[in-house]
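Please find the structures below.
Look at the two complexes coming up: chain A is in both, with chain B in one and chain C in the other.
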Partner chain A sequence: MTNSTLDLPKRPWRQRYHVAAIGWTLVLGVLLVLSSLMTGANLGTFLSNIDQFLALLVQMSHPAWSYLHVILQPLYETIQMAILGTTIGAVLAVPFALLAASNLVGNRLLRGLIRFFLDLVRTLPDLLLAAIFVAVFGIGSTAGVITLAIFSFGMVSKLFYEVIETIDMGPLEALKSVGATKVTMIWYAVLPQILNQFVSYFLYTLEINVRASTVLGYLGAGGIGVYLQRSLGEFNYSATAVIILATLVVVLVIDGISNHLRRVLL
Partner chain B sequence: MQATATAPIIAFHHVNKIYANGTVGLKDIDFQIPRGQFLVVVGLSGAGKSTLLRTINRMHEISSGEIRIDDAPIGAYKGKALRQLRCHIGMIFQNFNLVNRASVERNVLSGLVGYYPTWKCILGLFSAADKQRAVQALKRVSLTPKIFTRADELSGGQQQRVAIARTLMQDPKIILADEPVASLDPRTTKDVMDTLQRLNREDGITVIVNLHSVALARQYADRIIGLRAGELVYDQPIDNVTTADLDRIYQTN
Partner chain C sequence: MQTTLENHPLTHHLFWRRWHWLLWVVVVAGVYSWAIGGLHFTGIQESAGSVSRSILHGLLHPDWAYVYNGSGEDLSSLILQTLAIAFLGTFVSALISVPFAFWAARTDQHWAHLRSGSGKVVLTLIRTFPEIVLAIMFIKAVGPGSYAGVLAVSIHSIGMLGKLFSESLENMDRGAEEAIRSAGGNRSEILTLATLPTIFPEFISYTLYRFEIAVRSASILGMVGAGGIGTPLIFAIQTRSWSRVGIILLGIIVMVLAIDSLSEQLRKKLI
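Then we have the complex of A and B:
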């Protein structure tokens, strides 16, 4: 059957030959090659040094399980830091996310200011924050918690307001029509719609924070990172392997809880 | 039905509505609705039916003219006064607009939030008497057994009846229904329309319904008005309505 018998409109050639998709792929490819050339990143270097990398892997493949009892306490501290930081950040993020959502706040200026502030917070690298707070509060988990709180706040507020922008506006209209105040409208019509996604994003952030806090420990922000740095400094790769595996277990557990809660709450 | 000779409950005086993009929503609408009437608004999609309905509870603002409810102009209401106005006007939607993840009871009680201070709404501190009223409201729409079910587990017709129960909690003197049966099958359509008719006849609530179906309009209305491109082009008591009249409203030019 040809187009004429079906009376279909003619497709423009741009659409027929997928010009946009092919074009963008080419552009991305060229950019990739160019950035590799300009930064001097070279796959050859990686390949020629691969034996060292393999040697390291071999050492790591014999985890020193006796090291486990040393790291349990700091691992526990890491989880506490992550939970505390994520919770503080996420709770603070809720009002900002509500104010940044275009379907709830009509005032463009207010929305713009809030979003600018959130962009600003997200721009600050967590390592920089950790360095600052270690300088302010001294070495220890306080600096870590505050860093994680700010980092989570920036990330979660964006995720939250994007969720809010996808809600069904019908219940909001109904609540408005019965004479509800703004706060009541949000409580009755917005929160029930977003709660389970909030929980799942919260847990996702928690998972990221567990990993992030291992790195933050490098800067003296407490937790298991201190031990990670120590083991690497001592070229004790079998201990490093234990730390990585222990962190993996924590991340897997959080992931499991997250999946379970999402099923229950849906 | 109550006497219709008294002062109108709603009066439109030369109401115009022009949207920000220049589209004309309503054009010189001028008519009155007597207390206790079952009024059906017909017209093509985009003729301004929804807009007309939503100007009555100020969900949409008008550009010029005046709307009076119980002889009080509603245009200047703000904040609390506006919420008070909406308290007494029930609204029913095509898509039911229930909070899907909440229980039927909570959805019904949400009809009361205009009567309670915000903090009590948030803590869910509704009085025992009001919780009893919620049961009564569900009884009137024959859904008492579903009180603790989640709203999204109900069928479309049941959801619309929950929405009606929510409206009943408001103790409304007016019910606005925007295409209440457009997403329902014929049987549940009859359920919902019958319920609206009962509220109109038994409680004397003024009911204004937007409908697409000419047959339904003729079956339930006391009076039919027709809109075309934002203008009131037809207005007759049901006894004078002919099918030919209604067909004309639906003609495109």
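Then we have the complex of A and C:
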């Protein structure tokens, strides 16, 4: 009887021998080995060529500041592309977000279809869209704006419908009880509740798009990326360094402005 | 004199509150006129309509023969290669990110901290390089192919995972650490018995999330020659073989959807 109080709870053998943890580690290890075989990853190759890589980094650590006046105009173009693309994408996203919100649309089939469409749009990476739109519209900032519009449409619509699903349904019921139409209900009961959060998410998407638009030009979609590609192609790494640093400054400035505005809004 | 609404001292302040939205209208209009005025939309080629029609036709009639033809250069093997690039890049960098995270995490409330500050600067510097630039740099070092893609993904992931990991270290529950310390545990015991077990599920969750992003980037890194499905995609676009583009796009969509839902399931189980 005295012994039973000292008995520790019995653990099943699965827990005692850590079957799950060892199993997952093995699976992970096998997958890592398989993928390194498949990609031909080999630390030795990298280490034997590391002097070339270091030489490249040394060149990059001496930025050619005189290049700055060349890239000022494309930098502006990058921001302009991001602003227009995000705006078009966000405006297009509003009706889709309203249709995908479960508290506004009762029809499960319609909602499911819209959501599936939005999921599909979100699977495509930005550079892939850029490659296609450059083929359609030709080299230039038009392809960039449209790429960013589609890219932000996918992202914004999901953020928007998740916001709509959190609104207070009281005003909607009030309007419904006096016989308002759907459009009136959305205009007077839904939009006022979500406008601030919409603007906040719009600014957040703008930040992401400014980052994304700096590389879009690499495939010919306008902006600073065109010069990024040119400098890399000419092995002019000190110019590449200037472009990367200038991009960093622009991104930080846009992030700062947008963070400030979002704090004011919410 | 009678005080009316118009000359009351309080309403005078209201003027700014009532009309300040006009200022915002002016600012927003200014930004948009600058944005629209600065761009040139003249570059649209005349064939845009016919090209988009043939793209649609290609998407609706994908080149099914490309899915598997046993050559090792078909869709299924290249999709597998893309997944391998993303997987190796993410999980290797997750291991490397852990020390970076401890370096950059700030656990006291002092406004400036040399160790954490320098760690955060290093992580920001790493994140500054776009993945595509990293890929080109690594192609210089190891030659074109998927190994360059692995290196680009893993270095970029260190910048992002290091930041996410260090933030979760800053916000973690320190109860378990205190318990071990009060029971007389030394620093290595606190690390292995309290800190790591507490933080492990969150680290794994962030790694899976990063894997989802890496799959997307691995599928485009091939456009600059860093292996994976991107290389045949950019060739197909350049040679205008739209049915080939269609099947590759379908492959990427299916791959991304599958990985996203798998990773979501795993992350739900974790947290």
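Criterion: the second predicted complex is superposed on the first by the 207 of 266 C-alpha atoms of A that agree within 3 Å, B and C clash if a C-alpha of one lies under 4 Å from a C-alpha of the other, contacts with A are read in each partner's own complex, and residues count from 1 in each chain.
Here is the rule we go by: a residue touches a chain if its C-beta (ideal position, glycine included) is under 8 Å from a C-beta of that chain, and two chains touch if they have at least 3 such contacts.
Keep in mind it's a predicted model, so treat the numbers as computed, not measured.
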item	value
Dominant toucher of chain A (residue count), chain B or chain C	C
Which superposed partner A:Ser36 touches (first chain B, second chain C, both, neither)	second
Touched partner set for A:Ala131, first chain B, second chain C, both or neither	second
Contacts of A:Phe53 with chain B and chain C, given as first, second, both or neither	second
Residues of chain A contacting chain B in one complex and chain C in the other	none
Contacting residues of chain A [partner chain C, same complex]	28, 31-32, 34-36, 38-42, 45-46, 49-50, 52-53, 56, 76-77, 79-81, 83-84, 87, 119-120, 123-125, 127-128, 131-132, 135-143, 145, 214-215, 218-219, 222, 228, 232, 240, 244-245, 247-248
Interfacial residue positions of chain B with respect to chain A in the complex	57, 59, 82-87, 89-91, 93, 95-102, 106, 110-115, 118, 121-122, 163, 166-167, 170
Complex contacts: residues of chain C adjacent to chain A	31-32, 34-36, 38-45, 48, 51-52, 55, 80-81, 83-85, 87-88, 91-92, 128-130, 132-133, 136-138, 140-142, 145-147, 149-151, 216-217, 219-220, 223-224, 227, 230, 233-234, 237, 240, 245, 249, 252-253, 256-257, 260
Sites on chain A touched by chain B in the complex	168, 170-171, 173-181, 183-184, 187-189, 192-193, 195
